[in-house]
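Please find one structure pasted underneath; my questions will follow.
Residue numbering begins at 1 within each chain, and the chains themselves are lettered A, B, C and D in the order written.
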Amino acid sequence: MDELREECGVFGIWSPEKKHLAHVCAAGLTALQHRGQEAAGIAINEDRNIRYHKGPGLVSEVFPAPVLNELGEGQIGVGHVRYATTGGGSALNAQPMVVRHVKGQLALCHNGNLTNSTPLRRELELKGCIFQTTSDTEVISYIITQKRLQTPSIEKALEAAMGEIKGAYSLVLTSPTKLMACRDPLGMRPLVYGTTSDGSVVFASETCALDAVGASFVRDVKPGEIVVIDADGIRSIETHCGKAQPKLCVFEYIYFSRPDSVIEGVCVHDARVRAGHFLAESHPANADIVIGVPDSGLDAALGFAEKSGIPYGIGLIKNKYIGRTFIAPEQSLRESLVQQKMGAVPSVLKGKSVVLVDDSIVRGTTSARIVAMIRKAGAKEVHMRISSPTFLNPCYYGTDVDSTENLIAVHHSIDEICKMIGADSLGFLSVEDARRLAGSNPDNFCAACFDGKYPVAKED
Amino acid sequence: MDELREECGVFGIWSPEKKHLAHVCAAGLTALQHRGQEAAGIAINEDRNIRYHKGPGLVSEVFPAPVLNELGEGQIGVGHVRYATTGGGSALNAQPMVVRHVKGQLALCHNGNLTNSTPLRRELELKGCIFQTTSDTEVISYIITQKRLQTPSIEKALEAAMGEIKGAYSLVLTSPTKLMACRDPLGMRPLVYGTTSDGSVVFASETCALDAVGASFVRDVKPGEIVVIDADGIRSIETHCGKAQPKLCVFEYIYFSRPDSVIEGVCVHDARVRAGHFLAESHPANADIVIGVPDSGLDAALGFAEKSGIPYGIGLIKNKYIGRTFIAPEQSLRESLVQQKMGAVPSVLKGKSVVLVDDSIVRGTTSARIVAMIRKAGAKEVHMRISSPTFLNPCYYGTDVDSTENLIAVHHSIDEICKMIGADSLGFLSVEDARRLAGSNPDNFCAACFDGKYPVAKED
Amino acid sequence: MDELREECGVFGIWSPEKKHLAHVCAAGLTALQHRGQEAAGIAINEDRNIRYHKGPGLVSEVFPAPVLNELGEGQIGVGHVRYATTGGGSALNAQPMVVRHVKGQLALCHNGNLTNSTPLRRELELKGCIFQTTSDTEVISYIITQKRLQTPSIEKALEAAMGEIKGAYSLVLTSPTKLMACRDPLGMRPLVYGTTSDGSVVFASETCALDAVGASFVRDVKPGEIVVIDADGIRSIETHCGKAQPKLCVFEYIYFSRPDSVIEGVCVHDARVRAGHFLAESHPANADIVIGVPDSGLDAALGFAEKSGIPYGIGLIKNKYIGRTFIAPEQSLRESLVQQKMGAVPSVLKGKSVVLVDDSIVRGTTSARIVAMIRKAGAKEVHMRISSPTFLNPCYYGTDVDSTENLIAVHHSIDEICKMIGADSLGFLSVEDARRLAGSNPDNFCAACFDGKYPVAKED
Amino acid sequence: MDELREECGVFGIWSPEKKHLAHVCAAGLTALQHRGQEAAGIAINEDRNIRYHKGPGLVSEVFPAPVLNELGEGQIGVGHVRYATTGGGSALNAQPMVVRHVKGQLALCHNGNLTNSTPLRRELELKGCIFQTTSDTEVISYIITQKRLQTPSIEKALEAAMGEIKGAYSLVLTSPTKLMACRDPLGMRPLVYGTTSDGSVVFASETCALDAVGASFVRDVKPGEIVVIDADGIRSIETHCGKAQPKLCVFEYIYFSRPDSVIEGVCVHDARVRAGHFLAESHPANADIVIGVPDSGLDAALGFAEKSGIPYGIGLIKNKYIGRTFIAPEQSLRESLVQQKMGAVPSVLKGKSVVLVDDSIVRGTTSARIVAMIRKAGAKEVHMRISSPTFLNPCYYGTDVDSTENLIAVHHSIDEICKMIGADSLGFLSVEDARRLAGSNPDNFCAACFDGKYPVAKED
């Protein structure tokens, strides 16, 4: 599946002593690279002075060693990876957003989408504010800055700002002297923190980034919580906690997060295996082998195999060097070049009835191509199983679901989709099962893209 | 395993009509990219005139669309991917090597290493030949060119040249009017050919490249065979065939080739699964789960699980965006940044006795790091199983095995290695089992890097 | 002389029909490239929608043809070249600054420096404004935007803003429907406008940019004037005109502007020739030949030769391909590599008493090197004449004079400087003569860097 | 004039001790950059081991500091700048050409063109030689290498090779232990040598490169001479000297060489001034001012002014930042963007009768554009004077004169050309005067491009 995109990953570190934290941020962001591949940025706070660098590309491209070294030592570092839409000003939308205000500098990293950024923006413009980007993060910067004028500290300003902004946000910020992290009251996007043996505190979108920098997981930041760390130690502000039912994005388990990450106590891999279990029960198949579409369908395929008793196989090989696919000018050549991203293992598929597990169907074109490849390799039946429900609605909280007109499930029944992708049978995870993936309260999740139940309304 | 390197992948296509074959070559080479990532090149033959482009980097980097378009239409295309050693002249060692001689141009792509290039080179130098590269391919170009002066055709010249050059070589060449491919008499490196529905003929190091360009597999080029295709059709020259026992490099099955490729009738994936079977029999373990090191240990892990009855699990997640690892200036930070390439899935490993399957151990440092990561994730025992024998000898045929001084098995017993990598037990595939991976005659393989039995002597 | 830097050049064009104005802007900015080489930017206004691109480097580097094409058609284009100080955020200081406010978008290009930006910035911060750059232009954007809330049109807002901002500014702006240009009430930086045969209106820092885009010069924008052009035609707002004595930066004639530009009715070349005349009168020399340091000393050298009757010669050849000078690691080699930027013509200098004319001395090191080169080529005497007075004071209006500690004339008498640079005699233009370069009222110029008479006070 | 191109500049240095000579080579080559801007290369010989780097672009682009540092220390360095024709293999034609032969390595740098490379190439091919480039230098490499087999030393081999190769060549070479330089028996291309205070010996195409690296000029290498320097000192081989009348390319004085260079005892600037004198005598004009087209017309303009008594003026300003000209998609805009490369100084030209001096007319389009610009600036008459004769013939010795079909003088009379470029009068230097530019024997020069008298026949 390659049509869905998460908007961001955030990272932050506070060290008791000055160090070359840019290298640590780069390692942490690379572990979060699956959450956004189009821009990256790091800001280093050295003695109240914030230096930063950001640009389009992968972390490894934006941050060659000399750039990291030039960012120098500091006590606080924050970083961001982003999927940026194309167009003129996109590079300027890269984060961290670093601003100067009356109390000094502020660097913000944001994962999520506000639902009331349009009215907030309008209100700010009417006060004479100017906007240099089209990102929500600039709105948040203004709100915090204006609250700071009426509050005694930056964390109080953040607390007050959280009373105004609505929607999904996991933020990591550095003020001149403090590293802060907060999560929206519904906890729609994940955010964790950990510590290292030398006393550093680390915030990250996922635990895999803690692992990558050698930090030990402490706990998830709570929905609505602000965590602050400075020379006086670490402390929590819970004013906005516990006032609403949590609504973690269920797609974090299904697709966004890395399988080795643990969110709210549940390992992503386990949730995906459980999706396979559910599918094996709800949509069983009489087949010889279970194959996952690499990489995101593998865990659910293993779960399907476990529960169904059908052997698990490795039947598709992803080309890990695909930078782009090559498209010949001639139509005849183009048609022959369809199989560049993946190859089918003929010995595994030949003459078999195959259960093929993938994580989602958006437009259906990719699925059709893979089913055709499996058949060409000799499979006699292909039973497609999808470890998510059908996409029917737009997301207002930061997931770049394709536009509704492109969503195949909006326009076609499951039977029709089955025919369109050329499968012998097709089964999707039910929304109820999706809500049960983590094994906790099914109401604790947002599944609006599947069921249209939006926990926060979009304001225009 | 990241210390072993294959030197090359080769690709060639002949089309009955002029087309933009550079795009096809690029797609084919990308499917062979795992065989060499440091340089790439494509030559297009249009009406006896050969245009080419080559340079350092991945196929997708060396060949942006405008470069492919500029190569233009042609009836023949050849291409190459290479692992080039660092240093001044490395870019010049990129292939295809394109030369002009008395009969026109010649573009050569070579996978393998000659064993008598030193004496051949010396002999040529004594005739006044100059060398602009350090590659064997330049030697081959001279030999063919000089034979061409005494023979009526380029294929006869190639046939004569094959009488002089020794060692491992799979070649794809284009003369002004012909596409040719040949394989050394021992067939040490793989080479296959296929055809497309529009009548094109394709040569490639592996079948996965045929799949990528929509070609159907016809057969392996035979050891010692020359296949020629031009306006008069396709024909085979078998003068050098059948005079020696085949000696395919066994490491093609263990590591080099892509699992979905089929070599000499045997799917690489199947050979690796069989390695797992052998290991389960020769080095059984009392364990809860079998884990493969991604990507090259996964097939053997599945085989071990199948044969042993121990469940197969997904316990290690590779970061697919790792361009390089980030190394902080401070020692304390460096130590914390060890886990960037891979993450362990805690829920799968915690409290488990784990069989960990990888394809090889060269220096042992990577294995030690992975074992430590598995333990940190909570595994109580780690039983390491390696789907190849111990490396003890250098390869003269084109595999860049690490220098002998770095090979851990040269200096240490298996028990010592087991302790050094921190495993509870350690088992390697036996050389006998390695020779049985393909299920065919065990004598048909070269396993010199394991057993020191060199089928062709190195001449200095 | 390479230690002085002007901060900017500005350009704007309004066309009665939509066209690919980015190409025109690029040509105009290249003609202004001498005013700033470190960043360039262009914004195109198409039907109220402003697209832009900016980045570090020369115009030709920042704007390859595909980038220009992608900016597309529009009715208004504005552009900027800049000398940006090094450091983290420098790329963000590139212009045009493009902001969104309550009435739509605004793109600003600014040449000059405000003297009250610090208090204005503080005031804005106290209202909750955030700053993403360190440039004055962001302050101007805010002031205009906030005035816009209380005024019926953007030009009225600009008029009101001009009542608050102080210092040097030549601005070119585009609102959704209008192209505007204005000059500070003292006219410290130049700004002209012209028209083309197809009815376009062009603004530029210098007339050489009008020539480069085929526009005919109409007149200078007056000190304090706002010129507005939109669908209703061109009109002038003169509220801020005539309230203060003009104070054009005299260094525009001496160094900044291109010799073929005409500022306030006087050709820059003529002003420099006149500087040579003044020098020949005030600091005559008994010599055989007059040589100018290329390129900026040539005009004054010609003037000196004309007035003195000593023949003009071409004695120094500038290497036009110098990208950077090469510095060997060894001290002994370094000393030998001093003569890379320029070569002396031995036949012209050998045995001659030479008058050497340059435009300024900042640190003195460059002059010492050139005098030594002239002597090495065989000159028997070197009489240095400088077509500007001694630098003694910092500039607050946008000229990046070296820091006072580096200014040789602050610390040394003219006799001492003469010895330090190794000349036989040394003469500077007097401040009085500098004020007479244009042949107009000597009080109409700012010469603060020479005489310390600041027309507008710097506010901190 | 921008349609003529010299093919190369060569440089070499031998140092008594190992040093970072790459930096010195880069400085020397930058001084020769006017002789070729499309490729550059440097080879460093350290203890018989030659490292090298070459690539497309200016010296400053091909050799960033890290690349120079990586070339390391050595006792010998050679370098080359080149104008390379476009097309697939052009980068491979960059020099130095570094080859390995039976006696070790050889690095060659070549300025000039052989006239018998075609037959020599054919002969070599018939011996089985392969060619990887299309350059003459590869032919020379082979000839020297093959001679080396029959001679006791590399200098004897070079001496023997000079008996076979014909045409124009100034070569700088390094063998494992020796730096050598030689010039063809007619001395068609310049080559000088000098020494430094630390005992180094330097060879270069022009003296300006000696100046740039702090070397003192010793003398021109003689036509036909080989100069060898190694641990045993410097020595000369004069076997091929004095057997033919020298035939230095007269265009070295007119256009190729830098004005501050001295060739065969005559300063290039002086020769150009003399061209101006000759033009003032042969084609006088009744005018108010003499203007040179920068940069290559300035010296002759000064000469014209001196001899005619008409004042010299600076009337054209070259934009030194022109990387490329910008071309708008619309025809109407394109016409307006003609004046990007140069600006006219209106105060100098207005109402004047102008003598305009340029160094050559090839196609005539550039001249027409400049004449039009001068008229637009207000000149009432334009009398064009060209400091070279009319181009009528191709050059076989390394000057890339435009193809005959494009040479305006081949197809049109001088009167016609005068009308075509829009001048009031037009005068070219006579061939006789061109031969007298250096003040020495008129027969000592090749002027074949003007008079068709080829000193060496081209062999096909």
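Brief remarks on what is shown
As a convention for this text, a contact is a pair of C-beta atoms (placed from the backbone, for glycine too) under 8 Å apart; a residue touches a chain by one contact, two chains touch by 3 or more.
Computed from a predicted model, the values in this text were never measured in an experiment.
Traced through touching neighbours, the fewest hops from subunit A to subunit C number 1.
Seen from the C-alpha centroid of subunit C, the farthest chain centroid is that of B.
Between subunit B and subunit D the centroid-to-centroid distance comes to 48 Å (mean Cα coordinates, whole Å). Look at where the CA atoms of subunit A average out and do the same for subunit D: the two points lie 60 Å apart. Spacing of subunit A relative to subunit B, judged by their CA centroids, is 36 angstrom.
Annotation, chain-chain contacts: A-B, A-C, B-D, C-D (touch as defined at the top).
Across the interface of their complex, subunit B is touched by residues 51-53, 88-89, 92, 97-102, 106, 122, 125-132, 134, 138, 141-142, 145-146, 148-149 of subunit D. Those residues of subunit B lying in contact with subunit A across their complex are 19-20, 23-24, 26-27, 30-31, 33-34, 37, 58-61, 63, 65, 68-69, 196-198, 208, 211-215, 258-262, 267, 269-270, 295, 298-299, 302, 306, 311-314, 317, 319-330, 332-333, 335-340, 343-348.
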